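Alright, structures below, take your time with them.
Common to both upcoming complexes is subunit A, partnered first by subunit B, then by subunit C.
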Partner chain A sequence: MTLRLLRAWIAWLWSGWSAAAGLALLVAGWQLAAERLGPLLLPAPLDAFARLYSLLEAGVLWPEFLVTARRALAGFALALGIGCAAGVLAGISRAGALLARPLVTVLLGMPPIAWLVLALLWLGSGDGTPVFTVCAAALPVVFGATLQGMLTRDTALSAMARAFGLSWRLRVIEVELPHLLAWLFPAATTALGTSWKVAVMAELLTSSDGIGAALADARTQLDMTTALAWVLCVLLALLLVEYGLLEPVKRELERWREVAR
Partner chain B sequence: MSLLRIRGFGHRYGARRALAPMDLTLERGESLAVLGPSGCGKSTLLQATAGLLEIGEGTIERGWQNLGMVFQEPRLLAWRSALDNIALGLKARGVRRRERRAAATALGTRLGLSAADLALYPAALSGGMRSRVALARALAIEPDLLLLDEPFAAIDIGLRHELEQWLLRECLRLGCTMLMITHSPREALRLADRLLVLGGQPGRPLLALQPALRATDRSERDVLALETALLADTGFRAAFGLPPDERVEATDRAPETAWFQHHCLATPAPDRQAC
Partner chain C sequence: MLTLRTAYLQLLRWPLWQCGLRPFFLAGAAVAALYVPAWLAVLGGRLRAPAFPGGATAWHAHELILGFGLASVIGFSLTAVPEFTSARGFGRRISLGLFALWLGARAAAAAIVLIGVWPLALLQTALCLWLLLVLTRAIWQDPARRQLDLWAALAAVLLAATLCSLDLAIGSVLFADPLAGLRLILHLMLLLIVLTLARISMRVVNRCLEEAGAEPDYLARPPRRHIAALLIVLHALAVLAGAQGVAGWLGLGAGAASLGLLGDWPHTRVLARRWVALLYTLPWLLGLGYLLDGAARLGASIPPSAGLHVLAVGALGQGAFVVFCIAGRMHIGLSPDEGRWLPLAALMLLGAALVRALAGIAGLHALPLWWCAGFLWSSGFALWLWRGGVDLARRRGDGAWGCVGPRAPE
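Here is the complex of A and B:
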């Protein structure tokens, strides 16, 4: 399994040239815009990358990055845990699902900034506020997908598994979990992206450390190059996690689906 | 002890009664086909036997150790290869990976599936191959009771005949008991030693038929002759709501004299003719 995953990962990276071409186009567009607007409004991409490198060399980048990553991932992990558990519980009973559906809509519609204000009042300016806000923003996505996965379970397959004497544990592993994962994985990918964005936003408004706080500093000093360097840092981390890790794992886990297409 | 003994089992879905209380006994090594029109409670009977239905009325005594089941649709795990699907029941019984894969490969090969076919996911298999995999999955566990729920209803007659013959041979080899439900008299006559016809609303046993030859001893000619006789039988026609066949010669109307031990179990629904 590990070897197969590794092979799939390499194959996936190799197929990433088209994505790289898309990104190169984006950078080219950025360069054009920078030439027109001037370095005060929009610094050139090369300058931003150079600043990112100098931040790395100065030893500033890693500590801030790790603080943000810690908050984003803690919030995401909480959302994943609570969202999955609540989604499964709500999906077990019809009544639970009926009660939960409007709740998902309300939670999805609640702007993260509103959570942020509440969290700031409840939890102060430590790690708690960004972690809570990230969790509150990512939770409905995970919960909604898990609930939908539970509601669309194939009862015919469950009956087959029972007829063949599969234990409760084996029924979960062989029948229920693969179906649930097919729903959960795309939602988790979206939730992870949301987590990063919300963590940076929460830090920008409430914290004295992390990438968001560094962005706020750059803003007060009107340092566009540093601001863009931090934005690049967030984007690169997101791209790396999504395309370097999540996407190949998803492809491997859902290889059976590719055949059907 | 009988392998299966059903006493007074009946079932309701909400307020609607699907099956009137009935008795049924199945001895070891026997094969029984339950025939009947749609909605007569055949599937209910099979599901209750498989333990997939909560029994509210009557009792079902289960004398088997190992139950295999083939459903109307293949019901394969889309995320598992054909080989792993065949081996699923073995996995549930704690057979080690290497052994269960070897057993599944051997069985799949006997059913005409190549190693390349066995490595494929169900989505990449043809309908016929999926039916083979579903059949192999049920037989891989070497069941002492095999339940068949119209397993070959959606496949072409050539493949159906091939799979029926294969199933007969495997069942004979394993000595397994078979309970099948079907709409098709021909399929029932090819595979089952005896037939039980359900009918009416709610469904109840109307006819019990015991052809002179066992299923394994019947030639295709015997099967066709039995089918003709069965389709001419007034009780059988009434159970399916078929009008009496005027073209059938009077001498053909008593199949029990030629082919069957024939028992009329109950009066059909009031709007249908008695047997």
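Here is the complex of A and C:
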């Protein structure tokens, strides 16, 4: 099992070459724009990578990164837990779904900056504000997907599982959960991306530490290279988590679809 | 006049002209086996290079790309295009005419100091445009137009070769220098390898899978191929435009996309089969070459020629060798060669590419490595000429004519 997972993970990583080619194309576009606009407006990619490395060497990168990661992941975990539980509860009955739908619309429509202002008034300028804002921004995405997953369950399949005398535990694991995860995983990937973005934004406006605060510092000093280095740091972390962890897990969990085909 | 006509008709009867790949594969391998030692002799001061526009390096690149590379492309296209489009093969007159132009161009390049650049430019222009016309007709006759991507790549190679030849004569008006045009042709030839590799590898790998009792389910997916093709073209254009940084990133992208082609291959024991293994090395060489090229352009301490030579000596050389060995047997009515010399020659070519790339890296002395790489490369092709090439000048043993595959025994 472990060996198979390891092989699948390596195969997945190998298939990332095409994604790397896409990223190289993007960076080539950045390079072209940098050559046209000049280093004051847009530093070259290599300069930004070099600054990122110098931040790492100076020991500045990790502390700020860990602060932001802690806030983003805490907010994301809260959103995932609450969103899943609420989505399942709302999806169990049609009445619950009817009640929850406008709630999803309202929550999705609420701009994260509005949550940020409210959180700042309620929780002050500590960790609570970014964590709350991240949770509020990611929650409707997870909640909506879980609810939709619950509503689109194959009831005939559940009935057949019951008719064959499958235990409650097996029914959940083998029938309900794979279907739900197929809805949840794309939403979780989107929510994770949102979490990073909102965490950095919240820090930029309310905190004195974290990547957002470092970005604010770079902005006040008009240091475009450092600002881009911090942006790169966030993007690299996001790519690493999404392509190195979430996508392989998603593929593994959705393997049953390939077998079914 | 009558004697000349009789001689011409007698010449046409030679088995060499019955299939387009025969003269060109032989000539390509001969250039590979002879010109590299000649270049090493020039480097060692034992031979004087022709007074070529752009200097001795331009002569070396010109003859290997438009001598060896173009001969391989012409031989391949004269055989593959009718096969892929299910059209009638090209006649003996076309093979003979094109070969006369190619040979004339090589002679003109050697005698450039005596006759000037124009004869070379005109012969190469006539060669490329005639071939383009012939191939376009064949591809357009297919109502489904299934080979448009192949046509586009071939047309790009031939038009770039035409422009490069004319630019030599008019004095680097179109390209910054003769090497810039030659680099463009090289990248376009590599694009052709990416496009044709899928067609050849699917046949070869699936046949080997079937022989091994496995499901023949290898599929070279178009999206990966399209990404690799796009990045190779963009990289070539950026190099041509002199945008060093952009070309660097696109080089890294082209390398990554080339390695991405390997994702489709079946990573099973079938890779150990010689034909599959030979084809499997091509995306590796393309990937390594482009990654080195990109890294060098972005300022890594790698000589700029390292990546370029992995691409030219490795990917183009190995690609041509594989086609010589597969198509060069099948289309003269012979079954694949199972001799031990073949993997040895392939390893020599692979070794040549890697040794040439090492020259200049990590403070290694360049000259001995150049000699070693040159010896391996020319020996690999000389081995093919000795063991496989001679059959191209002989009559088919199965009584068939043209480029058709081996006739099944009755």
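Just so it is clear, the second predicted complex is superposed on the first by the 256 of 261 C-alpha atoms of A that agree within 3 Å, B and C clash if a C-alpha of one lies under 4 Å from a C-alpha of the other, contacts with A are read in each partner's own complex, and residues count from 1 in each chain.
Throughout what follows, a residue touches a chain if its C-beta (ideal position, glycine included) is under 8 Å from a C-beta of that chain, and two chains touch if they have at least 3 such contacts.
What you see is a predicted model, and the numbers here were worked out from it, not measured in a lab.
Peer 1: Should the pairing of subunit B and subunit C on subunit A count as a clash or a fit in the superposition?
Peer 2: Pair status: fit.
Peer 1: Tell me which partner A:Gly81 touches in the superposition: subunit B (first), subunit C (second), both or neither.
Peer 2: neither
Peer 1: So if I put the vertex at the Cα centre of subunit A, how wide is the angle out to the Cα centres of subunit B and subunit C? Nearest 10 degrees is fine.
Peer 2: Computed from the C-alpha centres, it is 90 degrees.
Peer 1: After superposition on the shared chain, which partner residues are touched by A:Gly126: those of subunit B (first), subunit C (second), both, or neither?
Peer 2: A:Gly126 sits against neither subunit B nor subunit C.
Peer 1: Just subunit B (first), just subunit C (second), both, or neither: which does A:Ser15 touch?
Peer 2: A:Ser15: touches subunit C, not subunit B.
Peer 1: Between subunit B and subunit C, whom does A:Leu157 touch in the aligned arrangement: first, second, both, or neither?
Peer 2: first
Peer 1: Which partner does A:Pro178 contact after superposing on A: first (subunit B), second (subunit C), both, neither?
Peer 2: It touches subunit B, and subunit C stays clear.
Peer 1: Name the contact category of A:Gly244: first (subunit B only), second (subunit C only), both, or neither.
Peer 2: Touch partners of A:Gly244: none, neither subunit B nor subunit C.
Peer 1: Check the residue A:Leu170 against both partner chains and state whether it touches subunit B (first), subunit C (second), both, or neither.
Peer 2: A:Leu170 sits against subunit B, while subunit C stays out of touch.
Peer 1: Would you check which partner chain A:Gly38 touches, where first means subunit B only, second means subunit C only, and both and neither mean what they say?
Peer 2: Neither subunit B nor subunit C is touched by A:Gly38.
Peer 1: Could you tell me how near the closest CA atoms of subunit B and subunit C get once both structures are overlaid on the shared chain, in Å?
Peer 2: It comes out at 11 Å between the closest C-alpha atoms.
Peer 1: Per the contact definition, I'd like the list of subunit B residues that touch subunit A in the complex.
Peer 2: Those residues of subunit B that touch subunit A are 47, 50-52, 67-69, 71, 73, 75, 77-80, 88-89, 91-93, 120-124, 137, 141, 147.
Peer 1: If you look only at subunit A, which of its residues touch subunit B in the complex?
Peer 2: Residues 156-157, 159-167, 170, 174-175, 178, 254-257, 259-260 of subunit A touch subunit B in their complex.
Peer 1: Subunit A touches which residues of subunit C in the complex?
Peer 2: Result: residues 223-224, 227-228, 231, 234, 238, 243, 245-246, 248-250, 252-254, 256-257, 259-260, 262-263, 287, 294, 298-299 of subunit C touch subunit A.
Peer 1: Quick check on the complex: what are the subunit A residues that touch subunit C?
Peer 2: 11, 14-15, 17-18, 20-25, 27-28, 31-32, 34-35, 44-46
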